[in-house]
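Same chain, two partners: subunit A is paired with subunit B first, then with subunit C.
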Partner chain A sequence: MDAALLRRALYRGSIAFAFLLMLAPVLTVVTISFFRQEIVSFPPEALTLRWYVNAWSQQEFARGFITSLEVAALATLIGVPLGTAAALALQRSGIRGKEALNALLLGPLAVPGVVAGTALYMFYLRAEFWLDRDITATLEGLVAAHVLLTIPWSVRLVSASLAGLDRSAEEAAANLGARPLTVFWRVTLPMMRPGIVAAALFSFIQSFENLELTLLLVGPGRTTLPVAMLSYLEFRMDPTLSAVATVQIVLVAALMLLTDRFVKLSRVV
Partner chain B sequence: MVAGFIPPSAGHVRIAGQDVTRRPPYARDTGMVFQSYALFPHMSVAQNVAFGLEMRKVGRGERETRVVEALRMVRLDHLADRLPGQLSGGQQQRVALARALVVNPAVFLLDEPLSNLDAKLRGEVRMEIRGLQQRLGLTTLIVTHDQEEALTMADRLVVMERGRVRQVGTAEELYESPRDPFVAGFVGRCNLIEGQPEGEAGFRARGGALLPRAAGTPSARGEMVLALRPERITLAAPSPGEGAARLEAITYLGAQTEYVVDYAGTSLVVIRATPPEGDPLRRLAPGDAVALTWDAAAARLLPAQ
Partner chain C sequence: MAALILPAGLLVVALMVAPMLLLARISLNQFSPTEMMVEAMSAENYLRAVQDPYYRSVLLTTMAVALGCTLLCLVLGFPTAYWLARMQSRWKSLATILILFPLLVGNVVRSAGWIALLGNDGAINAALQGLHLTDAPLPLLYNAFAVVVGIVAVVLPYMILTLSAVIEGIPRQAEEAAANLGARPLTAFRRVVLPLAIPGVAAGSVLVFILCMNAYATPVLLGGPQFKMMAPAVYDQFVRGNNWPFGASLAFILLFVTMVLTLVGSALIGRRYRR
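Right, the complex of A and B next:
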C-alpha cells in the first residue's frame, strides 16, 4: 500500500519536475519583466510596468514587430501551399525517389540556421549581381528565406494528416458521382484541414521567432523583432527585453489557443 | 471491381446489360456502403446524404425533399444536422445506407455492412437492409464473411475462396448439395472426413472407421472427402455389445446440444435437439459409449481439396 503511494508520488513528482524544467525559462522571463531594478537581482526591489513602456517607446521594436508579422504572414501564405502540394505528391503520386525528396524537403530543419543564413546571403549577393537588383535587406529576400523555414513543417504536418486520412471517404465520394477534382476539393482538402491549420500555425511561429537564419539577411530599417532584440542586447541589459519577450510569448500562446478552438492540435501534432 | 475501384484482371462487368468495365467509379451509378461507412466527417448528416444528389445536379428543392425522405426511411430525420462524429456506430451505418440509396443506384453494394456492429444491432440492421431491399426492389450485392448473414439475407449466394468462385446457388442448394469441401464447411457446420471410398456405399476414413455413405460411383479416384452435417447424425444409447463410438465432449447450447464423438478413430460433431428432462441421453457424460446412425444418403462424397 505504502509502496504504491510512494510510486505514485514519485510518478507525479517527476512529471511536475519535467514541466517545471520546460517552463522555467518562460516563467523567469515573465517574472523579470516586472522587476524594478535594471540589473536583475533577487528579490525585486519593487514591481513595475516601466519596461513595457520603454519597449513600447523603442521604435526599433515596433518596426521589427511589424516586419516580423509581415514576413511570417507572407512566408506562411507561400510556404504552406507549397508544403501541402509537396505532401500530396509524396503521399499520393507515383513519383520516384520519394525518400530522397522527403529528406530534401526536411533538409532546412537539419541545417543550422547560421549556416543556411550565410549560404543564402552569399547566394543573394550573387543573384543581385546577375539580376541587377537588391535582394538582401529587402522584404522579398527575407520572405523567400523564411519560406525555407516553413516548408519542412508544412510537409511534415500535412503528410501526417494525409497519412491518417480514411481513403474510403474519397472512394465514397467517387462512388456518389464526384469526379477526381471534385473529390479533392469537397472531401480530401476539407479532411486535411486540421493538418493544414497546424502547419500554418507552426510555420508562422517558426518564421516569427527566427533569429539565426535572419541575422545576415536584414538591413538597416528592415529588421525583424528577434534581430532588433539582439541588437538592443548588445548595448543594454535591462528587463526591456523580458517585457518584449513576454509580449511575444503571450501572442504565440493566444494564437495556439485560438487555433486549438478550431482544430484539436493534439490530434495532429 | 463492381464499383470501379479495382480494374478486373480479366472479364467484363455489366450493370443492367451495359458494359462498364472501363468506366471510372463516378460514372457507374452504383450505391456503395463501405465497411468503415466512409462518411464525410466535415459534413452534416444531411449534407452527407445530399452529396450524391448534388453530384447528379439535382435541384435544391428536390434535393431537400429526397434527403428528408431518405433519412426518414432509415429513421434518422431527427439527426439531420449532426456531424457523423456525434453519431453511434449503428446510426452512422444508417446514414451510409441513406447516402447510397438516395441516388437510386442501379446496383446497391454493401461491403461487410454489419461487421462493425455489435451482435444485437447486427440482427436489427440485417432485417432493416433486407426490408429496404425488398421494398425498393433493388439489385443488391453484399459481401460478408458471416455465413448466417449470407444465408438469411441472400436470394442467391456466391461462395468465393481467394478470389475464385466456388459455387453459385440458393442457400438451400449450397447447404444441401455443396460442390466441394470449402463450400460445405462455409455454409453451416459440417463434418469433413478425409479418406477413400470403399465399395459401392462405404467410405474408409483415414482414422480407420468404415462409414456408410450415399451409394454411387465416386467421381474421382483416390483421396476424397465425406461431408456429413452434424444435425443429420442421430445419437442413441448403445444396445449391449454395440459401442463403437465414445463421447468426448458435450456442449449444452440451450435448445440444442453439441456432442463431439470419437467414432472408431474419427472425430465427429453431432448436433441434436437437447433431449427432454428424464431422457437417459440427458445424463450422458464424456467417456460414455454411444451409438451413431445416419441416413447414408446424407453423407455426401466430395472431391478432396
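Right, the complex of A and C next:
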C-alpha cells in the first residue's frame, strides 16, 4: 500500500515538476515586467506599466521588433507559397526520388542552427564580394535566411494535410466536367486551407523567434528582436527586457491559439 | 506538376547546400593574421581542434551536458508523456498547448526568466532567505547547474510530445492484460509499456540530444564566462576570433560528433530492447 502511494506521488510529482520547469521561466518574465524597482528583486515594491513605455522608447528594441515583424512576414509570404507548391509536387505528381527530395526540403530543420548560420554568413560574405553589394545586415539577406525556416515548415505541414485529404471530391468534380485547374482552384485548394494557414502561422513564429540562423547576419541598425534581447541580456536583466519579452510571449500565444483552431497542434511537432 | 518543386528546391540548394559546401571548403584553408584566410588543402584546423586541451574540454563539456540533459529529460518527460497520452478529457488540447507554448516562446526569453529565478536577487534565493532557510544566496546562476536546468526546460517539450505520440499508439488492453495476469504496475510498465515505447524513446532522445549539443543561447546567458559549450565557441571564432577556417572546422566537428553519437546511441537502444 505504501509503495503504491509512493509510486503515485512520484508520478504526479514528476508531472508537476516537468510543467514547473517548462512554464516557470515564462511566467517569471511576465511577472517582473510589472515590478516597479529597476533592479530585479523579490518581492516587488509596487506594480507599474512604465517599463512597456520605456521598452518602446529604446531604439534597439523598437527597431528590432519592427525588423523581426518585417522579416517574419516576408519570409512567410515567400516560403508558404513555395512550400505549398513543393508539397503538392511531392504528394500528387508521382515525382521520382520523392524521399530524397523530401529530405532535401526538410533538410534545414535537421541541420543545426550553428552550422547553417555560420555557413550562410560565409556564403553571404562571398556573394557580397562577387556582386559588390551588401547582403549581411540587409532586409533581403535576413529574409533569404529565414526562408530556410519557412519552406521546410510549410512543406511539412501542407504535406501532412494533403496526405489526409479524401480525393473523391476532386474525382467527382473532374467527372462532372471541371477542368484540372478548376478542380484545383475550387476543390483542392479550399480543402488545403487549414494546412496552409497553420503553415503560415507556424512559419511566422519560427522566423520571429529565430536566433541561431540570424546571429551572424545582423549588423548595426538592422537587428532582429531576439538578437537585440540576447545582446542586452549578456549585460543585464531588468524589467525593460521583461516587458519586451512579454510582448513577444503575448504575440506567440495569440498566434498559437489561432493556429490551434485550424490544426491540432499536437500533430505539428 | 512535378516542376512545382523547383522554386523551393532550388532555394534550399542555393541557401543551404551551397553554403555548407563552402563552409567545408573554408575549413581546409589556413588562417593568416594579415590576410585573414589563405587558400589551402590541409587538415590542420581539425588536428588543432582535437589536440588543443581547451577545445577538447569544451567538446567534452558539451557532450557531458548533452548526455546528462537527455537522460534527465527522458526520466522527467516519460511520466508526463504517459499522462498526456492516456488523457481523454477535453483538457488534453489545453495540456498540449501548455507544453508547446514555452517551446515557441524562444530560448532568449526563457533564459531571461531563469536569470530572474536563479540569480542572487532572484525569486528562489529571495524565498529561501525570506524563510530563513539560508543566510547567503545560493550560487544557482552562471554555472553548469543553471545551464543544465535551462537546457532541460528548453528541450523537455520535444521529448514529451515525441514520447506521448508513441505511447498513444500502445493499446490500453496490453497494460490491462498484464495487470489481469497478475503483473504489478511497475512490472507491467517495465515489461509491456517501456519495450513498446522504445521507438519513441529513441526518436525523442535523438532529437533532444541534437538540440542539446547545439544549444547556444542557454549556455551563453546562464553559464557565465567560465562555462563554454561548442556552439558559442564556434560563433566566437567568427565574431571575435576572425579565424574562419578554425571556426568552420569546429562547426563540422560538432556536426560529426553529434551524428556519430546519435547513431551509436540509437543502435544501442535498439539492440537493448530487440528481444
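Here is the rule we use: the second predicted complex is superposed on the first by the 230 of 269 C-alpha atoms of A that agree within 3 Å, B and C clash if a C-alpha of one lies under 4 Å from a C-alpha of the other, contacts with A are read in each partner's own complex, and residues count from 1 in each chain.
Here is the rule we use: a contact is a pair of C-beta atoms (placed from the backbone, for glycine too) under 8 Å apart; a residue touches a chain by one contact, two chains touch by 3 or more.
Computed from a predicted model, the values in this text were never measured in an experiment.
When the two complexes are overlaid on their common chain A, residue A:L216 makes contact with subunit C while staying clear of subunit B. Legend: residue contacts after superposition of the two complexes on their common chain; A:V40 is shown touching subunit C, with no touch to subunit B.
Shared-chain residue A:V29: touches subunit C; no touch with subunit B. In the superposition on chain A, A:N175 makes contact with subunit B only, not with subunit C.
Taking subunit B and subunit C in turn and counting the residues of subunit A each one touches, the greater count comes from C.
Shared-chain residue A:Q248: touches subunit C; no touch with subunit B. Put simply, subunit A uses no single residue to touch subunit B in one complex and subunit C in the other. Those residues of subunit B that touch subunit A in the complex are listed here as 3-5, 24-32, 34-36, 38-42, 51-52, 55-56, 99-100, 103. Residues of subunit A that touch subunit B in their complex: 166, 168-169, 171-180, 182, 186-187, 190-191, 193.
Residues 4, 7, 10-11, 14-15, 17-19, 21-29, 32, 39-43, 82-83, 85-86, 88-90, 92-95, 101, 104-105, 107-108, 111-123, 126, 144-145, 147-148, 151-152, 155, 205, 209, 211-212, 215-216, 226, 229-230, 233-234, 237, 241-242, 245, 248-249, 252-253, 256-257, 260, 264-266, 268-269 of subunit A are the ones touching subunit C in the complex. Only residues 1-5, 7-9, 11-13, 15-20, 22-23, 26, 75-77, 79-80, 83, 93, 96-117, 119, 121-123, 126-127, 149-150, 152-153, 156-158, 160-162, 164-165, 185-186, 210, 213-214, 216-217, 220-221, 230-231, 234-235, 238-239, 244, 247-248, 251-252, 254-255, 258 of subunit C touch subunit A when the two sit together in their complex.
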